[in-house]
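Written out below as structure tokens is the structure these notes cover.
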Amino acid sequence: MIYFNCDYNEGAHPKVMEMLLNTNMEQTCGYGEDMYCEKARKLIKQKCNNQDVDVHFVVGGTMANITAISAALRPYQGIICSDMGHIHTHETGSIEALGYKILNVQTDDGKLTAKQINNICKMHYQDVNYEHTVQPKMVYISNPTEVGTIYTKNELDQLYCVCREYDLYLYMDGARLGYGLCAKNSDLDLGTIASFCDVFYIGGTKQGALFGEALVISNQSLKKDFRYILKQKGGLLAKGRLLGIQFIALFENDLYFQLAQHANRMALMIKEACMQNDIPLLYDSYTNQQFPVIPNRKIHKINGKYEYILWESVDQKQTAIRICTSWATEEENVNKLIKDLYYL
Amino acid sequence: MIYFNCDYNEGAHPKVMEMLLNTNMEQTCGYGEDMYCEKARKLIKQKCNNQDVDVHFVVGGTMANITAISAALRPYQGIICSDMGHIHTHETGSIEALGYKILNVQTDDGKLTAKQINNICKMHYQDVNYEHTVQPKMVYISNPTEVGTIYTKNELDQLYCVCREYDLYLYMDGARLGYGLCAKNSDLDLGTIASFCDVFYIGGTKQGALFGEALVISNQSLKKDFRYILKQKGGLLAKGRLLGIQFIALFENDLYFQLAQHANRMALMIKEACMQNDIPLLYDSYTNQQFPVIPNRKIHKINGKYEYILWESVDQKQTAIRICTSWATEEENVNKLIKDLYYL
Amino acid sequence: MIYFNCDYNEGAHPKVMEMLLNTNMEQTCGYGEDMYCEKARKLIKQKCNNQDVDVHFVVGGTMANITAISAALRPYQGIICSDMGHIHTHETGSIEALGYKILNVQTDDGKLTAKQINNICKMHYQDVNYEHTVQPKMVYISNPTEVGTIYTKNELDQLYCVCREYDLYLYMDGARLGYGLCAKNSDLDLGTIASFCDVFYIGGTKQGALFGEALVISNQSLKKDFRYILKQKGGLLAKGRLLGIQFIALFENDLYFQLAQHANRMALMIKEACMQNDIPLLYDSYTNQQFPVIPNRKIHKINGKYEYILWESVDQKQTAIRICTSWATEEENVNKLIKDLYYL
Amino acid sequence: MIYFNCDYNEGAHPKVMEMLLNTNMEQTCGYGEDMYCEKARKLIKQKCNNQDVDVHFVVGGTMANITAISAALRPYQGIICSDMGHIHTHETGSIEALGYKILNVQTDDGKLTAKQINNICKMHYQDVNYEHTVQPKMVYISNPTEVGTIYTKNELDQLYCVCREYDLYLYMDGARLGYGLCAKNSDLDLGTIASFCDVFYIGGTKQGALFGEALVISNQSLKKDFRYILKQKGGLLAKGRLLGIQFIALFENDLYFQLAQHANRMALMIKEACMQNDIPLLYDSYTNQQFPVIPNRKIHKINGKYEYILWESVDQKQTAIRICTSWATEEENVNKLIKDLYYL
């Protein structure tokens, strides 16, 4: 069985494992206050053009979302989010469990527009009884989105502007940020993101780390007391250095980006094969997730050989599936899949 | 200025005030354990065909919703609700503040169907990773809905059945329940509602009381420890008897239903006037809320004279408004409005 | 049976009822934005020496506490509170239900001292891992306390200073504030309280109103968006004017203070009778609650005749009871009790 | 510098690292549903005498506490806990953040007694207005406690009985459970704990794992839907196998217990040295934490050479410190410390 079902089937990139092993018996203090975390923070800050950001490490994406949002919102405030947003669809109501309403917006491709945000805020403040409705205070975007699409610099700029207008925080979920930044249609980099977003995270779990995400906070008011929130939510790893070490491995020699480029290249090989075979793609993704639409009567041909995800039923005759590549995907396996796609 | 903007512009029906005054200097114990509350509970139970229900009194509708839902849900469970549902639109995220996600369903007329609920539940349990999504556990309906429509006995029966199938609680928000029960197209009564719903409330605030709603719990598992929840949420009135006394006044001689009938009659006069004048109605309501669609260029004719609510912009040329009648609406004022509608 | 068990056995002072009745059929807008609430706010503001305070009305004390504290704290912050504090002992964990820890302090007489608060804060910030513990951010005091004692101006000043030092909010629960302000050993007034406290409430329920408390916010940062919180927690009364009208009745001609003085006078008659009869008093209260310590073998002599509360077992032979007077207590009944105390 | 300040200064035992490395490039499914987790569950179940328990793996202790308690309590219920309990003192109010009150009990040695629990419950249910106070529903104990003491089988049996009497859940925080079970004064084993506790966790982070704790649920009603809670709180590790692999390494050949025995032996060497030198011990611990009481004027002699924790000021002249050993403590370093203790 060849796994294309997700981007966290393997452990970590060998370089990451090596550094964990080499430092294993060292004694350090806990909770991310060791010199490895310190060094990793510096590396990430450098990549953010040395802007004045705070960097915190957490084990997983849900925890990153929980703590970032918890730091930002008052009890009566809500977060604007696409209908495909991970916090809305696949985190078992973790944000509502904190007490916050998600203000949901329908999208075609998982991307929010400045106009949509503007509409929500305008409607809110125009309401005579506006205090009877949740106050929009944060915008949640994923980049790449849950369907592989990405924001351009211009689009992010517009989101930034509407957020300034209505005093909203802009938060980017970067579970697959590397794959997004290395997409051939991307014009973003970490520095730009740090300028436009109040807080975002750089995903490690799906991009070469054993586990771990780096939360980057650029807005001063979100930095204050953040470690209290980390501890309270169970997000402060006792042996915090494990996270620092991994991010050093990933960022010291741009390994993070090299791995992302590999995954994207594998994904584009599949994308092109689909296009050549008149297999429609549900979303126009240039990142590591591809969504071929397969005739139901032919789908058995790839079953048993490949793991993938049934994404959605497009119509009565066709189903979109999700194919994921990752830093660990072997070109040989991609070629096998491509060959099988030819015969669909 | 004549007020048609809501159904709580006045104080209470004179009969209610009279009973409050007559008992004012009596000494009773607090927190709803006095004999007035006891008597009011019995009266309501009788109206529910003497089914084995618990009755609790609270000051307002949001508190009724907060306590009922809080009694029912575990932290990872959610509540299915129409996109027009009051808890979704106009309670400042009170349910999310308790930690619960609202599973929102688009509706044309504010009414949920058994099929919609079935779809949500089927999708949830078919998901391979279903624990990554919120578990549907309760269905929230309003009767009448926020747009004046009502459920038939048959529709409620179907909701009941799908709730049994998926082990969901059925909750009816009855902020305007009397207006609903007395609608000429209604075939429901309190006994039937107590049979089909696990919990519901009988609204007093909008139907003749100074304030107050009566929560009726028929499901055994929701009854347990309910007073703890009431106290914790700030819903246990110190002088609880004030609520009992009011519900005695309303239910002793069916005053509650007489007042509702009056309001509905006033509303239907307006509805018929609209129909005769080719003024479209956004929703086909036979209860105390009516939604005439008025050409924008003519709307100034009723401004300054009547208070109403701008409901929604139907298109660039027309706007739906909401007209509310109540137990206190004077026929004379309705006739004035009707006359003015003729000249629109 | 004569009730001395609490201070909310009756309805409202006749003057309050009269004003409710006189305004009953008027039409006003809802949610506390009517002219009665406006007028009541002005009256209260005047009593606060016209300081720049916001005034909000809620139905009960638990709701006042819930909303005031909710407005002040971030999720990782806590509230310093006496072990006798009402929010700690008798609100079913309402504050914890909001997500906040109560930092409990043992007291002899229900009163917190500046030194105790200083100790807690110093210890917190001295801790190397201070983010592993809850950050103190608010101080909750009751005045009078739950055992009838009161703060002096000097004590309140000291609390104010320590709160400034550690950037804490000072909150006074004034469920019985009038009884406190009118105590013969009190040197406080509403203006002073508004200067020293960031937020406090003036209790109506136990002091002549049918129900209702007036929250007074003097700290600018707590004022913002307060009505959102009120609505979310179920604390925004639909017919808000009912609260405004009652507070007009109470504050227009200082009725509030006259009623408190009466209650205190009744209580002091009982206190003096105890002292003359060598009946110890558990707390040295000059307000409407008195705590005589009664030999267990004699307590039957007042049972069946008076309602009171068993406060605590002092030792194996004696029990402290709580006797409450109120605005409605009749001197005749106090005299009966005093006579019976003589024969204990 | 030699670290005795905590038991998580190093990474993981080499055997753990080896297994992580050997399995690193394997592809498995996520979220703990892989065969490694399955195998680890079986091993732990066997150690629990094959009782019908569910085993879930989480990254850290706070998350174990959050999810276990969240599974057990309704919003108005509380958890009885020693004043030294970790959830009360050092998790930044994580339990209150879930909405639950901690019912705090003063203890001399960190251990709760059945009698204390009985008193709390009796008082609660005897209260006339018991619904005004939080309902006790769970008992939290740590074994070993935060000060190194342990429960005997008899004591645990008594706790079990009082919990059955009042329908309470018994929860054991086992962050250092191995150190407790291997203490020379312990007569407990995992099977007994699984019989007496409704839920407990076996700590890995402080006992040889890189990170990770194994939650063991024996009460049927706590098992239901537990994975929803894990996911919602951010506790479901994407590459869940990392936890399974580590627990296989620890439990396959009783490595877990061998490591604990080593740590305890190191600690007892220090304990005996103290006793021989008339250095008092604040608590009578036979586990890996020791609390020598050091004269303030001599404490400088060990500073700069050893890391330890200042536990508390015993009086004006003496301070108790905490010395931690672990699976990784080298005997050579213990001997150095002992030598220095001689000269105190």
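First chain written, first letter: the chains are A, B, C and D, and each begins at residue 1.
Quick note on the criterion: a contact is a pair of C-beta atoms (placed from the backbone, for glycine too) under 8 Å apart; a residue touches a chain by one contact, two chains touch by 3 or more.
Model, not experiment: these values are computed from the prediction.
Taking each chain's centre as the mean of its C-alpha atoms, the one that lies farthest from the centre of chain C is A. If you compare A-D with C-D, the chain pair joined by more contacting C-beta pairs is A-D.
Each chain gets one centre point, the mean of its Cα atoms, and the points for chain A and chain D are 34 Å apart. Taking the mean of the C-alpha atoms as each chain's centre, chain A and chain C sit 50 Å apart. The mean-CA centres of chain C and chain D are about 42 angstrom from one another, to the nearest whole unit. For chain C, the set of residues that touch two or more other chains comprises 75-76, 91-93, 97-99, 129, 131-132, 228-229, 231-232, 236.
Residues 1, 3, 5-6, 8-12, 14, 17, 20-21, 23-30, 59-63, 66, 91-94, 97, 205-206, 210-211, 228, 231-239, 242, 328 of chain B touch chain C in their complex. Of all residues in chain C, those touching chain A in their complex are 31, 70, 74-76, 98-99, 129, 131-132, 135, 225, 227-232, 236.
The touching residues of chain A, when paired with chain B in their complex, are 75-76, 78, 89-93, 96-102, 104, 129, 131-134.
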